[in-house]
Each structure stands twice: as structure tokens, then as C-alpha cells.
Amino acid sequence: MIRFDSDYLEGAHPDLLKKILETNYEQTPGYGEDIYCDNARALIREKCGREDIDVHFLVGGTQANLTLIGAALRPHQGVISADTGHINVHETGAIEAGGHKILSVHSEDGKIRVRSIKELYDEHYNDPSREHSVQPGMVYISDTTELGTIYTRNELREISDYCKEKGMYLFLDGARLGYALKAEDNDVSLNDLTNFCDAFYIGGTKVGALFGEAMVISHPQLKKDFRYIMKQKGGLLAKGRLIGLQFTALFEDDLYFKIAGRANSIALEIRKACEEKGLNMLSDSKTNQQFPIIPDELLKSLSKHYSFSVWRKLPGGKTAVRFCISWATSGESVRELIRDIKS
Amino acid sequence: MIRFDSDYLEGAHPDLLKKILETNYEQTPGYGEDIYCDNARALIREKCGREDIDVHFLVGGTQANLTLIGAALRPHQGVISADTGHINVHETGAIEAGGHKILSVHSEDGKIRVRSIKELYDEHYNDPSREHSVQPGMVYISDTTELGTIYTRNELREISDYCKEKGMYLFLDGARLGYALKAEDNDVSLNDLTNFCDAFYIGGTKVGALFGEAMVISHPQLKKDFRYIMKQKGGLLAKGRLIGLQFTALFEDDLYFKIAGRANSIALEIRKACEEKGLNMLSDSKTNQQFPIIPDELLKSLSKHYSFSVWRKLPGGKTAVRFCISWATSGESVRELIRDIKS
Amino acid sequence: MIRFDSDYLEGAHPDLLKKILETNYEQTPGYGEDIYCDNARALIREKCGREDIDVHFLVGGTQANLTLIGAALRPHQGVISADTGHINVHETGAIEAGGHKILSVHSEDGKIRVRSIKELYDEHYNDPSREHSVQPGMVYISDTTELGTIYTRNELREISDYCKEKGMYLFLDGARLGYALKAEDNDVSLNDLTNFCDAFYIGGTKVGALFGEAMVISHPQLKKDFRYIMKQKGGLLAKGRLIGLQFTALFEDDLYFKIAGRANSIALEIRKACEEKGLNMLSDSKTNQQFPIIPDELLKSLSKHYSFSVWRKLPGGKTAVRFCISWATSGESVRELIRDIKS
Amino acid sequence: MIRFDSDYLEGAHPDLLKKILETNYEQTPGYGEDIYCDNARALIREKCGREDIDVHFLVGGTQANLTLIGAALRPHQGVISADTGHINVHETGAIEAGGHKILSVHSEDGKIRVRSIKELYDEHYNDPSREHSVQPGMVYISDTTELGTIYTRNELREISDYCKEKGMYLFLDGARLGYALKAEDNDVSLNDLTNFCDAFYIGGTKVGALFGEAMVISHPQLKKDFRYIMKQKGGLLAKGRLIGLQFTALFEDDLYFKIAGRANSIALEIRKACEEKGLNMLSDSKTNQQFPIIPDELLKSLSKHYSFSVWRKLPGGKTAVRFCISWATSGESVRELIRDIKS
């Protein structure tokens, strides 16, 4: 059985493990206050092109989302998200458990547009009884989205401008940020994200790390006391250097982007094979997740040798499925899959 | 500078790393549903002598505590803890952030006795307006305690009997459980804990792992839907096998107990040296944490070459400090320290 | 300016005030433990036809909803509601502030059908990764709905049967229950509600009381310690008898139903006038709220002498508005309004 | 049986009821946006001597406390309170249910001193690992305290100065504020409270109202969006004018202070009788609550004709009890009680 279920099926890129091994006997302070975390912070600041950002390391994505959002919002505020957003569907209500409603807007492709945000914002503020409903306090977006799509620089700037004008935070979930930034039609840089977003995180778990997400905070108000809230939510790793070491390895030599670029290329080969076979794609993804719509016979036959996600049942005996490529996916596995799709 | 600040300054015991390396390219399902987690569960069930327990793996102690306590209590219930308890002083209000008051009882040695629990319980239920105060719903204890002391089998049984009689859960925080179970005067077994407690966790982070705690749940009501709550609190690690692998290594060949036993022996040498020097100890610890009360000159001179925790300032120019031994503490470091204490 | 904005613009029906005045100097215990609350409980038990129910008095609807839902759900559970449900749109995220996601299902008429519940339930339980999403733990419905519509006995029984089968609570928000039970096509009784729902409340604030809602709990698990949670949420009124006295007055001589019946009749006159004028109605309401769709000129002219709610802007220069009738609406006011609608 | 259990056993002072009756048929907007609330706000602003304060009306004290504290603190912050404070012992963990730890300091007389606050503050900020513990964000005090004692102007100013210097909010619970301000040795004015505190509330429930507390907010940051949070917590009364009317009656002609002054006088007569009888008092209260320490025989004999609170069992067959005087306590009741104490 070859698995394309997700991009976190294997361990870590060997360069990361190497650093963990080499430093195993060193004694360092806990909770992210060691030199390896500081190194990684310096590297990330450099890549982001700004010295004034705070960088914190968290173990996983749900933790990253619930901590940042909980730190940012007042009790009566909610967060605007695509209905497909990870916080809205795959985190068991972590945001609500922290007290905040998710104000979802419908999205076909996983992205949200400034007009949807504006609509929701205006509806709230045009209501004379607005204190009876949740105040939008933040916009949450993902790059890549859950459907592998990406934002353009213009789209991000528009959302950012609107949020700044209206006093809402903009937070970007970058669990798969590497894949987004290395997509062939991407025009967004880490520096753009730093300037457009009040906070965003650079995902490690799904881009070659054992675990770990690097939260980048540029808004001064969000920086204040963030470590307290990380600790409270259980997100301050005792042996914090483990994440610092991994992000050092990922950013020292652009390994992060190499991993992502390679996975994107492989994914596009799968996409090409599907399209040549005449299959439609659920989403216009140029990144490491591909969503072909396949007839049920093909689903059945592929399921014998491959595991992958069933995304959505569609009418007419068809199913949208997801193939997900990781840092470790071998060329051979993909060639086999392509051959079996084509035949 | 040689560090005795804590037992999580270094990485992991090499046997654990070895397993992580060996399996790095394997593809396994995420979130603790892989064979390595299953292996570790089987080993833990065997050591606990009961097949009917649930075992879950969490990244850290705060996460473990807030998840279990949040899963167990209804909104109006609180948890009884020693005032020195980790949840009461060192988790940034994680339990309160989950909605529950900590009902603290004073303790000199970090342990709580059944009479303190009874006193608090009776005060609540003898109050005709009891619904105006928080209902005690759980007792939280730690073994070892924050002060390195341990519970006897009789003490645990008494607390357990009382809790069962009164319908309160008993939960034991075992962040340093190995050290407790290997203390020279310990008469408690994993099987006892399984039978006495409704849930407890076996700490990995402070006993040789990179990270990871194994939550053992024996009460049927606490088992129900626990994984949902882990996910909600951000405690379900994507590459969950990392913890399964480490606990396999720790329990396959009793490595967990060997690590703990060795650390305890070293700690007792430090204790002996202190006592021979005529120093008093803050706590009657036979485990890997030692709390000598030292005069300020000694504090000053030791601080030049060693780092350790300042626990409490005392009158008369004295300070209680903590030396903490880990799996990786070298014999040489300790011999140096002992020499410097004695001279 | 004559107001039709809502059914809580005036004080209380004089019979209720009379009881408050008569007993003003009596000394009674606080927090609902007085004889007047007990009287009201006895009357409500009698009307509900069951002796085994618990009855609690809360000040308002948001309080009633957040207390009951918070008492019922475990942390990972959410509540299914119509997207138009009061808890979803007009309580400033009170349910989420208590930690629970609202699982909304779309509804045109404010009611939800068993098939929508089933769809959502199945989607959750058919997902092998279901612990990554919020578990449906309760169904929340309103009678009347926000749009003045009501449930039939069959609809309620179907929902109730499904909930019982699947182990979900059924909770009915009866802020305007009187109007529902006195609607001309209603076939539901208080006894039905008691048997079909695990809990429901009989609204006072919107049916002639100064304030106050009577929560009826039939499910044994929801009864346990409910007063603790009322107190914690700030819902235990010190001079609790004030609500007991009002519900005594409302239920002693069926005043509750007389008030509601009269308001419904008046509302139907407005409806008739609108229909005769050729106006469409947004909702098929037979109760005290009427939602005509009026052209903007009429909106403008009526706004000079009457206040009412603008419900929804519609295309083509039309607006759905709401006229709301209370216990105190005078016949004369309504005759004027009808005359002005017609002309 | 004559009751001295509390100051909320009877209804409301007749002047308040009169206003409710007179306006019963008027139509006003809901949720505190009516002219009667505005009137009451104007009166309170005048008495407080400041035009720039916000005044909000809440139904009860727990509601007032949990709403204000929840609105003020960030997730990692706690509130400093006397261990006897109402929020710490008699609100079923309402503050913790909102996510915040109460940082309690021991108090014999119910008051807290600036040195206790400073001690706790310094302990937190001197800890290099301070992000592992709850940050003090607010000081909560009560006037009168739970023990009937009051603060002097100097004490309040000191606490206020310290809080301002350290960036902590100061919030005063004035459930019994009238009694404090009319105590014979009081030197504090409403204007002082407005200037010293960031927020405080003027209690109605325990000083002659059916219910209702007036929250006075002077700190700009606490003013922002406060009504949203009131609504979310269930604290926005639909027929909000009921509280506005009552506070108008209470403040129009200084009725609030007359009620309180009379109750204090009566209470002092009880105190005098006790002292003449040679009884000690648990607390140095000059206000409407008196806490004599009585031998068990007297407790037994008084219990036949009077109800009152058993406050604390003391050694030597003695009990501290509480007699509480309200706006409605009759001179005759008190004369009887005094006679029976003396004999």
C-alpha cells in the first residue's frame, strides 16, 4: 500500500534529524529560550526582511491557531473564515472552546475575497442592535487553502488594506505555506506576508519537520505577553530547542523551499496525468495537494494499491479525491500511481 | 557552566532517538493511530497489569493536565490540589482557562492527605447554600510531588477510597513518575496506580524522552470521546508515532525505570554530601530533585560554575535551592558539584 | 409614534404587578427557594401533566439558553440550530463563549426538519476522522421560531424520536411559547413538550411578564446540579420570588394563554389587511409576529407614525418588515395601523 | 419567625415600585436604551461628579462581576481578591468559568492592603519564568466587605495609585455600597470612587431595589463595547427600563442613602446590645451587617424566633453569626431581638 493520504505520514527530512542528534547531549534552557531557537528566529527575521517581528515556535497547527486567535480577540469578537477553513471544520471546535464564534463565509475554492469580508462587516455595523451579534475582530485565511489554491499578492493586499482600515486583525494559517510560496504562479513573498498580516505561521509539520510551526507576529499588540498564552494553552514545548533546530535546518539553506518545490512538481505530474486522462479537477491547485474527480470504478481499483483521501462524493458515480505529496514521496511511487491512473 | 536546573535540559536517551531514525521513512497514519503507538499501548497495558485501560499520548504535561481535567469536570466543578501543585502555580491558569476553579489545600511537603480533602468536601456539602460555591469534582495529586516527595501505597489507597465513596475523580500527575516508582522507599506499582486512580499519566519529557506523556485512563466515563477533547485542546500530535516510538523504547526493556533509578542514586549522593556538610533539606526527597538549604555565600560561590533553581528565600541569609538530575547527568558533573559543596 | 418593534416594549400585565405589590413586605428566602416559586412550580407541573419535572426560573432568554446548553454538553459537543436561531444570531456568541460551536443548518422558515439533523449527524459519524470535528450533542429548536412559525406535533415527535435514538438532547426555546400554543393550527400541548423535549422553557418576558423564563427539565441527567450552573452564569435572581409570583399569576387562571391568544388574533387582523392589500408575507406566521413584504414608499409612509423592525432588504425596492403584538397592544393602535396599511 | 438572614428578603422600597407602576403601559425601547435609564445615568453622573463615565445597568451582582472582569482581562491575566471576596467564595466559580484565576490574598477583616497586592505583584514579576504563572491584571475589592468593614479614603487612594503605577485595573464591588458610604466613620465619596477605581458598581438588590446594579466605568478601555459583553453574558435585561426606573427613584432624592443610613443605625443598636451583653464581635462593622460571637445556648434560644446566618463555628462552644438589616426591617423586630439578646 502506497500512501498519498497526507503530507505528514513520514518522519522528518534527514537534515533536521541530524541537527537533533548532534546536539542531543547539550544542555540548554527550556521553553524556546535557547540559542537554537534564537538562531532560527534570526533566520526567519532575515527571510521576512524585518527585524521587528516576534517569532514563536509551537508544536502543531491547531495549537498555533487557537493560541493566536485566543490572544487576539476580546470576548465578544469572532473570526471571519472560509467555511472550508481548517479552524471551522477540522479542529473540533478549538476556537469556540476558547470562547469565539467563527463567522464563516462560503467559498468554492477555499479562498475568501474582500467583498465577502466587507459584506459581513457591513451587515454587522449597519445593524443598530449590533451588540446582540458577534463583532468581527479578525480575518483568518490559509495559504495554501484546504483546496491547495493560493492567494495572489493583490488579493492579499486588498484584504490587508481592508482589515487595517476597519481595525480587524489579519491572520494567515501557513500550515502549507512552503507549497504556496513555491507554486508556479505565486507572486507573494515572506516579506509581503509580514507586511500584510498581523500574524502568520510558517508550517513545519506538513513541510518536512517532525513537528513545529513558526508563528511570526508583526502587530505590536499581539506581541504583548504571547508566551504567557502559549504556556496557558499547553503550547510551550519544554525542550523547545527541538523546533528551533528544525527551523534552522529548514531555513539555513532554503531547504524549506526546496522540499516544497519538489513536492509541487511531483503533484503537477499527477495533475497532468489526470487531465490527460480527461479527469476534471475539483480545485485549481498548483501545489502539493491534487483533487481529481474520478469515476467510482477508478476509485475502486486505485484503492487496492494506494491510500488517499475521499474528499467529497459527487453525483453521477464520481468522487473528488485528494492525493497529497510530501518531502518523502518517492519518484517511483508517483510513477506507479501515474501509470495506474492512465491505464 | 554545568546545569542542574531541570531534568529537561538535554535531548532524549539515545535508544529513543534510534527508533525515530530507523522508522523515519515509513508511512504511518497520523494522530496516534499507528502501530508504534499501539505497541507502546500494549507494553503499558502489560506493565499496568490491566487490559481494559485506554492509553493516549500527549506532547506535554500542561496539555495532559488541562485535557484530562477539562474532559472530566462539569462546568460547576473544581479540582482539589495542593497549593504547590503544578496546575496551581506553573501552568499560567490553564485549568481556569478551561473554566474550572482549583480548590487548593495547603501542603508543606507537596502531598495532600485524605483529611484535607475530607475537610474541604464536608465544608462544601454541609453548606445549605452549597450551589453558591464550586463543587469539588476531582482530586489532583502528583507523584513525585513538586518537592520530590512520594506517596505511600496506603496514602494513595485512602485517597482513592475516599474519592470513590464520594464520587470524585482521582487524577495523578506523573510528570516524574519514574523517579517516584524507583525511590528507595516506594511501595507503589503501576498496577496500584491503575486501580487507585481514575486516570494518571506516565511522564516522558522529564524521564528521558524528547517529549511525550502517556495518559492511562481506567474510569469508563473518562474514556468516552477523549480523543475529541485532545484534538480540541491542540494535544493530538500529527506525527503521533513519535511518542509511540519513544514509549516503546522506554518500556520495552524497563529503560524508563533504569533511567529513573540512576538519577535517584545520583541525587541521593548530592543529598548525602549536603547532609554531611550540615545543611538542612527543605524536603524529604529521595528522588531526582534535591532541595538543600544553603547559606548565601555558598549560593554565590556555587552559582559561578553551576546553574540550579532558587526555590525559596528563607530568613537568616539562607536559600532553599533545587538540584535536578536527568537521564543525561554525567557522573563527573556530580562529583564536581559534590566536591564544591563539601569544600 | 406607536411601536410594534417587539413584544417587550411595555411593563407587565397588571395581574402580575398586583402579586408583586401585595407581597412586597413579606420576608422570603432568596434564589428561588420561596413558597411563591414553589407555587408556580406546582402550577407548571400540573399544566405539563408530569410530577417528575424540575422547574427553574431565570431572568431572560439568553441566560436560559446559555445555562441549559452549557449544563448539557461536554466540551467537544456542539448544538444543532437553524441558521436563523436566536442563539446563532442574536446572543453575541453566548453559546460559543461557553465553549460550544453552533452547528447551523439552513432554514427558510425558521424550523428544522429531522432530515437536516440526520444529514449533519450522518456526515459526522460517517467520517473516520470524526474526532477532528465537533460532535453534535443537542438539537435546539424554537417554538414559535424567529419567523413566527410553529412546529406540528408530528414534526416534534419525529425530531424527538431521532434525538432519543441517537443520544442527543432536544431543547426547545419557548421565548414565545404562549403564542405558539395558542396558534389556530397548533396541535402541540405542554404535556407533549414535556415528553418530547429533554428541556424547554416557557417564556415570560415576551408574554406579559416584567421578565422571567420558566425552565422545565425532564431529562434526569440535566436536572443534576442545575442550580449550581445557574448561579455560576449569574442566572440565580436574589429576590427569586419575583419570577415565581409572576408565573403564578400567568398560570393560575390561564392568563398566559389568554394574553397569547389575544395577541395572535390581533396579529392575524394585520396579516389579513396586508393580504387584502396584495402584499406578500415573508413567513407563514399565524402568531403574534407578522412579516409583510412592503414596497419602499409604504415603508417610508408607515415609518412616520409607527416603529417596527426592518427584517430584510429584498430586491425590487421591497422590504420585509416585522410587526410584533404584545399583551398591551391596544385595539385602537392596530386599527390605525390597518387603516394606514390599507390606504 | 423574624428573619435577619440577609438584606434581600423583602421586595423593593415602595417609591421604586411606584415608578414601575406609573410607567407600566408606556412603550420604550429595550435593553437599557430608554429615557428612564438615561435619567438614572444622568443622576448617577451628577452624584459621581463626572460627565465622562459610562453607566450600565445589570440585574445582579454575580452578573456584574463576571461581566466586568471578563471584559477587562486578557486570557492569561487573573484578578487579585481577598480570600473572603464574594467572587472567590460565593459565585460558584463564575470568574474561573470565564477563564480567569482568582489570585487570593488572605484577609482577616475582608479588606486588602496595598502591601499584599505589592507582595503578590512583586513575586510574579521577580520570577524569571513568570509566563508560567497567571499575571495579575486587576485588583477586586468590596465596600462594604463581606464582613461589613469599609475602606478609608487613604486606603483606597493607596491601592488606586499602586494599580495605576503598575497598569492593573482597580474594580470595586459595591453590592452594599450605600451602607459603606453612610457608615459613621466613612470618608469616601462617590466622586472618590469614580476617580480611584477604573470601574465600580452601585448595588441596588441589597439596598432597596427589586434587583439591579449600576456599573460605573471611568477607564476608557473598559468602556469600549461593554454592551456586547453584557449581552453575551446574559446581562442585558430586555425591559431594561425597570432598572433605570429604580435607580431614578433611589437617586432622585437621596433615597439610596436614607435607606442605607437607617439600616446602619439599626444595626449599630444591635451591636451596642451585644457589646453591653459582653459579646465580642467577629468584625469591626459599623454597617448593616453585624457579626456577634455568641455562646451556643444563646444561638439555640435565638434560633427559635429569629433566622440569621451561621457565619463560622469557633472553638469553646461559640459561633459567629450574622444579623443583616434591610430597608424594610421594622423597628419592632429589632427591639424584640435586642430584648432577647439582652435577656
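Chains here go by letter, A, B, C and D, matching the order in which they are written, and residues are numbered from 1 within each.
Following the convention adopted for this analysis, a residue touches a chain if its C-beta (ideal position, glycine included) is under 8 Å from a C-beta of that chain, and two chains touch if they have at least 3 such contacts.
This one's a predicted model, so the numbers in the text were calculated from it and none came from an experiment.
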Greatest separation from chain C - chain, by CA centre: B
Gap in Å, rounded to a whole number, between the CA centres of chain C and chain B: 49
Centre-to-centre distance between chain C and chain A (centres being mean Cα positions), rounded to whole Å: 42
Geometric centre distance via CA averages, chain D-chain C, whole Å: 34
Touching two or more other chains - residue numbers and ranges from chain A: 75-76, 91-93, 97-99, 129, 131-132, 228-229, 231-232, 236
Touch-based graph of the chains, sorted into line, ring, star, complete or other: complete
Residues of chain D that touch chain C when the two form their complex: 2-3, 5-6, 8-12, 14, 17, 20-21, 23-30, 59-63, 66-67, 91-94, 97, 205-206, 210-211, 228-229, 231-239, 242, 328
Touching residues (chain side chain A, partner chain D) in the complex: 31, 70-71, 74-76, 98-99, 129-132, 135, 225, 227-232, 236
Chain C-touching residues of chain A, taken from the complex the two chains share: 75-76, 78, 89-93, 96-102, 129, 131-134
